[in-house]
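Sharing a structure, written as structure tokens. Questions coming.
Which chain is which? They are A, B, C, D and E, in the order written, and residues in each are numbered from 1.
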Amino acid sequence: MTQVTTSTLVEVEGMKVHFPIKRGVVLDKTVGYVYAVDGVDLSIRQGETYGLVGESGCGKSTLGRAMLKLTEPTAGKVVFDGVDLSSMKGEPLRTMRRRMQMVFQDPMSSLDPRQSVESLLVEGMRAHGLDKGKESTGRRLRELLSAVGLPSTSLRKYPHEFSGGQRQRIGIARALSVEPDLIVADEPVSALDVSVQAQVINLLEDLQTEFGLTYLVIAHDLAVVRHISDRVGVMYLGGLVEEANSDQIYTEPLHPYTKALMSAVPVPDPVVEDVRERILLAGDLPSPANPPTGCRFHTRCPWRQESRCDTERPALRELAPGHKVACHWAEDIRDGRIRAHEVKPQLTQDDWDTGADDNSLAGPASVTETLGP
Amino acid sequence: MLRYTIRRLLQLLIVVGVLSLLLFAWLRSLPGGPVSALLGERATAETRARLTEELGLNDPIFVQYIKFVGRALSGDFGVSTGVQPGDPALDIFLQRLPATLELSILAIIIAIAIGIPLGYLAARRRGSVLDNLSVVSSLIGVAVPVFFLAFLLKQVFAVDLGWFPTAGRQEGGIDATRVTGFFVLDGILTQEWDAAWDAFVHLILPAVALASIPFSVVFRITRASVLDVVDEDYIRTAESKGLTTPVIRRRHVLRNAMLPVVTTIGLQTGALLAGAVLTETVFAFPGIGQALAIGFERRDYPVLLLLILCSAGVFVLINLLVDLSYALIDPRIRTRGGGH
Amino acid sequence: MALLEVRDLSVVFKRKGEEPFTAVDGVSFDVEPGQTVGLVGESGCGKSVTSMAIMGLLAKRGVKVSGSAKFDGTELLTLSDKQMRDRRGQELGMVFQDPLSSLNPVISIGLQVAEVIERHRGLSRKEASVQAAELLDKVGIPDPKRRLSEYPHQLSGGMRQRALIAIALACRPRLLIADEPTTALDVTIQAQILALLAELVKETDTALIMITHDLGVVAGLCDEVNVLYGGRVVERAGRHDLFRVPRHPYTHGLLASIPRLDAPRGERLSPIRGSVADNIPWTQGCAFAPRCPNAIDTCVEVTPAMEPDPVVAGERLLRCHNPVEPADRVEQEILT
Amino acid sequence: AESERGDDGGDAGGQTGGTMTFGTEGAPKLFDPFYATDGPTFRTSQQIFEGLVEFKPGTAEAAPGLAESWENSEDGLTWTFKLREGVKFHDGTDFNAEAACFNFERWYNTTGAAQSPAVTGYWQDNFGGFADKKAPSLYESCTVSDPTTIEVKLTRYTSKFPDILGLPSWSMQSPTALEKYNANEVTQQGDSFAFPEYATEHPTGTGPFKFERYDEANGTVELVRNDDYWGEKAKLDKLIFRAIPDETARKQALEAGDIDGYDLPGPADWQDLEDQGFQLLIRPAFNIFYVGIGQKNVPQLRDLKVRQAIAHAIDREGLVQQMLPEGAEVAENFYPDTVFGWTDDVQSYDHDPDKAKQLLADAGAQNLSVNFYWPTEVTRPYMPDPRAMFGFIQGNLEDVGIKLNVVSKPWNGGYLEDVDQGKADLFLLGWNGDYNTPDNFLGNFFSDPNNRFGTGNSPWGATLSDELKAADSEVDDETRQGMYEEINKKLKAEYLPAVPISHSPPALVIAENVSGLVASPLTDEKFNTVSIGS
Amino acid sequence: MSTRTDKIDALAEQAARTDSAGVSVAAAAWRRLRRNPVFLFGAAIVVAFVALALLSPWLAPYDPGERMLGDQVIRARDQIPPPQEGHPLGGDQVGRDLLSRILIGSQQTLMVGVLATLIGFTGGLVLGTLAGALGGWVDTVVMRAVDVMLSIPGLLLAVSIGALFSQPNQFTVILAVAMVQVPIFARLLRGSMLAQRHSDHVLAARALGVRQRAIVFRHMLPNSLGPVIVQSTLVLAISIIDAAALSFLGLGNPDDRIPEWGAMLGEAQKAIDSHPHLAYWPAACIIVVALGFTLMGESLREALDPKSRR
């Protein structure tokens, strides 16, 4: 839909984000990690929309944040328009932020309820010195609002006075206010009702055409992602398992997980539904703190083989032009040499502690937590 | 769980350590002090100076603290100068602890025994006269200064009506054997029923006064938490199972509603200690609170230091216990093995 | 006679000092044994309230329920609390949306399942536990014996939802209401749950009311679909009919808003304009009129009635003055 | 009717038996009166112990105790005591000359931590140093002349002797018990002192009551009748002292019948207590309350005119009328009229604000600005309500244009220290007499010129000190009386180091059914004459 | 066509009006509060007493420090001036007009409450902001200190601090009472600041490149104040009661001329059975004021609690 140039805007290499799990007697020591993102390479070209899908908790948001250095990556580097962000800090990083923006999942919580729309929008401009006089700023604000389809009377209002869809528009306008090149949209529509969702999707598309933006769209709804993306990456448990352009991924999913995911998305058409072949996975997503060895998916994979799957982690390899997959047996599955079989569900053990104990030292946690009179 | 307990106990030590240093330095900086307490108005400036020197109060605070710690480690926390002059501070603490515990336990029992059922009723009849009445009266309970309430109770029930004794833990004439220091318990253990009864009667008024604040808090938390729980989805699930009302109430509502109440009760131990200072003073009840009040008045450093430290320790310890018991009721914490 | 007959069900919330609010406004539908009936519509259109009213789970105070809901000939709305309790969990089962908050966090899964068996089948705790383990196994929870003594937070989302289903199915109810049972779950897990539900219904001949706003789910599962808008059913049809030829502009709009995996890419989505906030009261016309691309003057003057659709064949009821013409679908005007 | 029977004290009257519970402001520190400094200890030891000299009940006059009589030598240095016969200690051992001298020697030979003023302050105040001769001592020796006679030698003559022997500190204690329970092993522990077993658990004297037990947890001391007492045996079976630190609580306890009496009821309660039918025993006032003037910091205060102005400014009549209990009197001397050497021939300062202003003007001190200390957290028999009394005097002084910078400090929290260090320009203080000699008052105030009044800053400070010492060592009673009268006159007219305000009588209150208690000006009532009705 | 659009517009406008007024969190809370009799009652009490304190210099008939009835006092007889012409409540123990003292006493008492709360609030604000905004070791150090303070029961801490000052006066009382509140405020603020720190809108501001300071002061702080403000009203009540307790324990303001209810109550207890009115007036005033603040605070807390907004 948009003209995709071949120059790369963002390049992610060997990205890892591990959150330490801390525990200890007096001082916290790290007893393990949540492998939220565990070795992801991807590159996004100028002007394209890259879609990232995967089940909840597989590390999509973390990856998105790490790309913008909103979360400090454990390893790997991000090159943005030729500049390596990895070692950037402080003021240079802050200035750099102008060029890469984020739209958040929950439109309400990502807007400060105590700031008027105007101050929300001006804030970023001021931070980057784009606020050049009252008049030009005013003009710019009205432009922004009309770009996202909000009346200019909105400036005086506060976030709670808007509906969900409108709030998401404000979030988008805020991202646009600093004239970025890249927008990472983290589940921009999943909190919205279907009809509103459609409005926002259309808007995103329009803005891209108008401003030549590059998007990384994160979602768990495959249909949405496929609809707006040029290329789609599928994540499973911290790693990319497949990457292809969005038609390919639908017509010819290569990774067993992609296949399962694809088949699980219900289609609002009884005719299709009646004949659709579903690949039902057994069991649940394993814990990212304790990921399975070898191929992360092998515990639920209907095509799992005796060898390699549980010992060797498959690398992402290009099977067809632009179509990468991380599966040892991708060709065999594609060509029907391996058949799906039944998988017994396994217990997923959540043996790690999410409740990061913040009262780590000295002190009655409860005394201080609940403060009754 | 064990790990967590050990960790919290270590934290407790740290708290006590830091607190002891702060308290020590601070108590030493108070004017007056043991010299005045020991000598009274009869001494001359010279005698005062001599005693100050003798007691080592002219040394740098740090030196004094080191000495104190050295002695404390061997179990010597100094000797009282004002509360019970001549008695080791530790003895005073150990002797008075049962008194305050006895009183606090009864107060907490009263607070719970009235607060929880009333809170539950008020929540179930939200907006009713009973509800509004008990809410307002619980707020009044918080707004009345404890010492004044204690005073009124005593005036009405002890002096005017004569139903209860006015002061102390036990009549002087009763020949009671001391075993544990808990007078009621002692009486029961030795089968000196009159002594037990007498001690119990002495507890009632102060305990009621002391219970006023914990009662209000327990009541309000229970009410709020029952209201919350009743609206929870799982209660709806329980309803959808067709369970009978008593089962829902007992198994589903109360059990969940008790979680915050348990925490609150732990927190209230702090309020109890503070309240004990006032209540025990008014009722001449020889417990920790009274010792604190007298200790402040007479600048009894060793006793104050030990009592405040121990109160803080007990407070922290009780909260640890509460947290542990919380974990027993709430499986979410139990299995996670951590804080909240 | 249908197993459940809902007629003119209305629910009005009335709080002191507030305007009464009609959440459900004369909803009628039937459910046969073994049949799956879908209730769909946007968030807030009254789906949950409808199901709660049938189950008798709405608060007694501040709520007025009228109309009728006959279950196997018995009027549910006027049953005493006691009689209702005997039926809930026994003949009427319900699965709720949020699996974590719908399970009691401090009671073991085992007891939560067993207690309903204990209550209705008069078994001892021990026997009930055995049954509970079987049930958990049946809904596909691995190692059910161990799970009995675990607590909700120790289970994954999918397992919790399965536990809830096990509870609802414990006494083999004749009517099962599933209120958005998969909204909180991932797609792959959602697929597992839906498959489970479908299988159970087929096996036991249970009547299922499926509540969701995901039209895709409805398309795969339901025999008959009721589309709700603003507390009223605006269109009812068999699922094939409904999806092939959506007649009500609202149904039509919903379908058009959804990106479809099987549709060719690049097609622009056609959202319904405005939001629920623009609704007008049903008493003054069609609630949907302000957002409706097909609206005509009559729409804001006369309240449309639920009538059989004259144009399209099949059993379809419609509440619209100016339905979407079957052929219109492609050239629908684009509104943003 | 009962009280009458109690009054005659005869064995015919007074019911025997029963238990009396008496409320005290605190628990006794210990039971060895030699080490005691606190009221509760003295009150208890008064019942257990006796000294060679006692005070006549109801007065401050010295009277025979365990010594039947005594004699002074010509030079005034040797005192011969004839001891009572047939007296036994509670442990069954005999009281005799050996035992008496044993006690003197014990006091004199105190060593170690017990030499601290905090432990043996009374000895040091009254006798000075110890056997180690670090400081001069009044005591020289005690010799046994025969089993019932001892000779006590002093290093100099003092008017205090033998009256001071009436102080409870010099009670006779059983040598056997003292040794058995290591009575002398006082140790310093940290900031304070630890006392031996004898002092805490085994006090053994000759008195009408025996120590039964001390229930520390309950704050009660129980004494039982000594059936072998040499004199009039106690009527009560049991005497209990119960610590109730809060004054209001004591009153309520009495009203509720939990106790049968208590000490020092607040004057404001007197009327009420009497109205309720309790017996209020008002002791003769044996104290002095004064407004102290510190001459150390403000030079203007060294001007007699200014001090006189202050004296004229204070409405002593009004204060006594409005603030003090019945029986309180305006003080003209620095001690009450029952004490030797008192004279009414002194300059009196009536309430006269105009004169005060005039005097200030004369002294060029119109802008006098001083700090004025008053103590919190305390009441004393001479000062039953410091807050109110301070307020009253404050108003008086401000009326004549003195600018006051008010300082209040807790009694033990800096007040006494500051006053002793001369930080206070004006302050409220007083003294309760221990025994009936002027030196007990004046000597304590002014003997050392480096005192809290800073009299050393005035030329007459040293003179006054010398005059006092001379008077104290004058052997001849008549001459001594003249000397003290002279000092009293000068104190008022020429020195005026403080303004004596009042003598106020402390009281004690007992229930209606208690009889036989004789109030003592020294607050050292003995309970052996007390009986309690049903 | 026109009728239709007109009607829609009219209806939409109507809908929008009722709608927008009801969405705002604060506005909704306020609306509920306005109708909450408990809150109104509490607020009425507070307003009345504040007005009283402000107007008391004009309302009080006499100087509260002057012993105008002094000659009627005879302490030995326990005579305290009874109510009489010009002195409707009579005099106190030393003959000062009781009514004037009660009236003027409101100033001191409220001042204790307000100042103590302000100081506690400010102290807590600084500490909590430091800890919450900076995190890391600053957070650890500050919070451990706070924990230590919290491990001493409140009133005990106040008493201790009160005793620390060699020369108690009204400000030492205020300070003592306020210090107890500092750790509570700090905890509370830090808690919500932490929540804010991880909230999406703060992340959004960071992503936007907004400077740290602006984030703290414009985003985190304003959004964290809610619970703290609620706490303040409760602290006001607590401070007044605590100050009264300090007076009772003899650690209050020694200057007897400036009346303060807590001190008056403490003094009056000595003569309670003969002259109960001396105690009842100040006690009643303390209770009513504290109740006013408590009612306000509790209803505010309820109103702002999202859970109770059903």
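The definition used in the following text is that contacts are C-beta pairs under 8 Å (C-beta built on N, C-alpha and C of every residue); 3 or more make two chains touch, one makes a residue touch a chain.
Quick caveat: nothing in here was measured; it's all calculated off a predicted structure.
Asker: Work out which chains are contact partners of both subunit A and subunit B.
Answerer: Common neighbours, subunit A/subunit B: C, E.
Asker: Could you find the chain whose CA centre sits the greatest distance from that of subunit A?
Answerer: D
Asker: For the chain pairs B-C and B-D, which is connected through the larger number of C-beta pairs in contact?
Answerer: Counting C-beta pairs in contact, B-D comes out ahead.
Asker: What whole-Å value do you get for the distance between subunit B and subunit E if each is reduced to the mean of its CA atoms?
Answerer: Roughly 25 Å separates the two chain centres.
Asker: For subunit A and subunit D, what's the span in angstrom between their mean Cα positions?
Answerer: Using C-alpha averages as centres, the distance is 87 Å.
Asker: On a C-alpha centroid basis, what's the spacing between subunit A and subunit C, in Å?
Answerer: That pair's centroid distance is 31 Å.
Asker: List the centre-to-centre spacing of subunit C and subunit D in whole Å, with centres computed as mean CA coordinates.
Answerer: Centres of subunit C and subunit D (C-alpha means) sit 92 Å apart.
Asker: Which subunit A residues reach two or more other chains?
Answerer: In subunit A, the residues touching two or more other chains are 358-359, 361-364, 367, 369, 371, 373.
Asker: Can you list the subunit E residues in contact with two or more other chains?
Answerer: Residues 144, 147-148, 151, 163, 166, 250, 269, 272-273.
Asker: Could you list which residues of subunit B touch at least two other chains?
Answerer: Residues 15, 18, 30-32, 142, 151, 155, 159, 270, 281, 297, 315-316 of subunit B touch two or more partner chains.
Asker: Inside the complex, what are the residues of subunit D that reach subunit B?
Answerer: Residues of subunit D touching subunit B: 19, 21, 26-27, 29-30, 37-38, 116-118, 121, 124-125, 188-195, 199-200, 215-220, 222, 238, 240, 242-246, 248-250, 252-253, 255-258, 377, 380, 409-418, 420-422, 429, 444, 448, 450-452.
Asker: Which bits of subunit A are touching subunit E when the two form their complex?
Answerer: So the residues of subunit A touching subunit E come out as 65, 68, 70, 94-98, 101-102, 104-106, 109-115, 123-124, 127-128, 158, 160-161, 171, 174-175, 178, 358-364, 367-369, 371, 373.
Asker: Where on subunit C is subunit B touching in the complex?
Answerer: Contacts found on subunit C: 55, 57, 84-90, 92-94, 96, 98, 101-108, 115-116, 119-120, 151, 153-154, 164, 167-168.
Asker: Help me check something: in the complex, which residues belonging to subunit D touch subunit E?
Answerer: The contact residues of subunit D facing subunit E are 247-248, 255, 266-272, 318, 321-328, 374, 376-377, 385, 387-388, 390-392, 395, 406-410, 413-414.
Asker: In the complex of these two chains, what residues of subunit E are touching subunit B?
Answerer: Those residues of subunit E that touch subunit B are 38, 144, 147-148, 151-156, 159-160, 163-164, 166, 237, 241, 244-245, 248-251, 262, 265, 269, 272-273, 279, 283, 286-288, 290-291, 294-295, 298, 307-308, 310.
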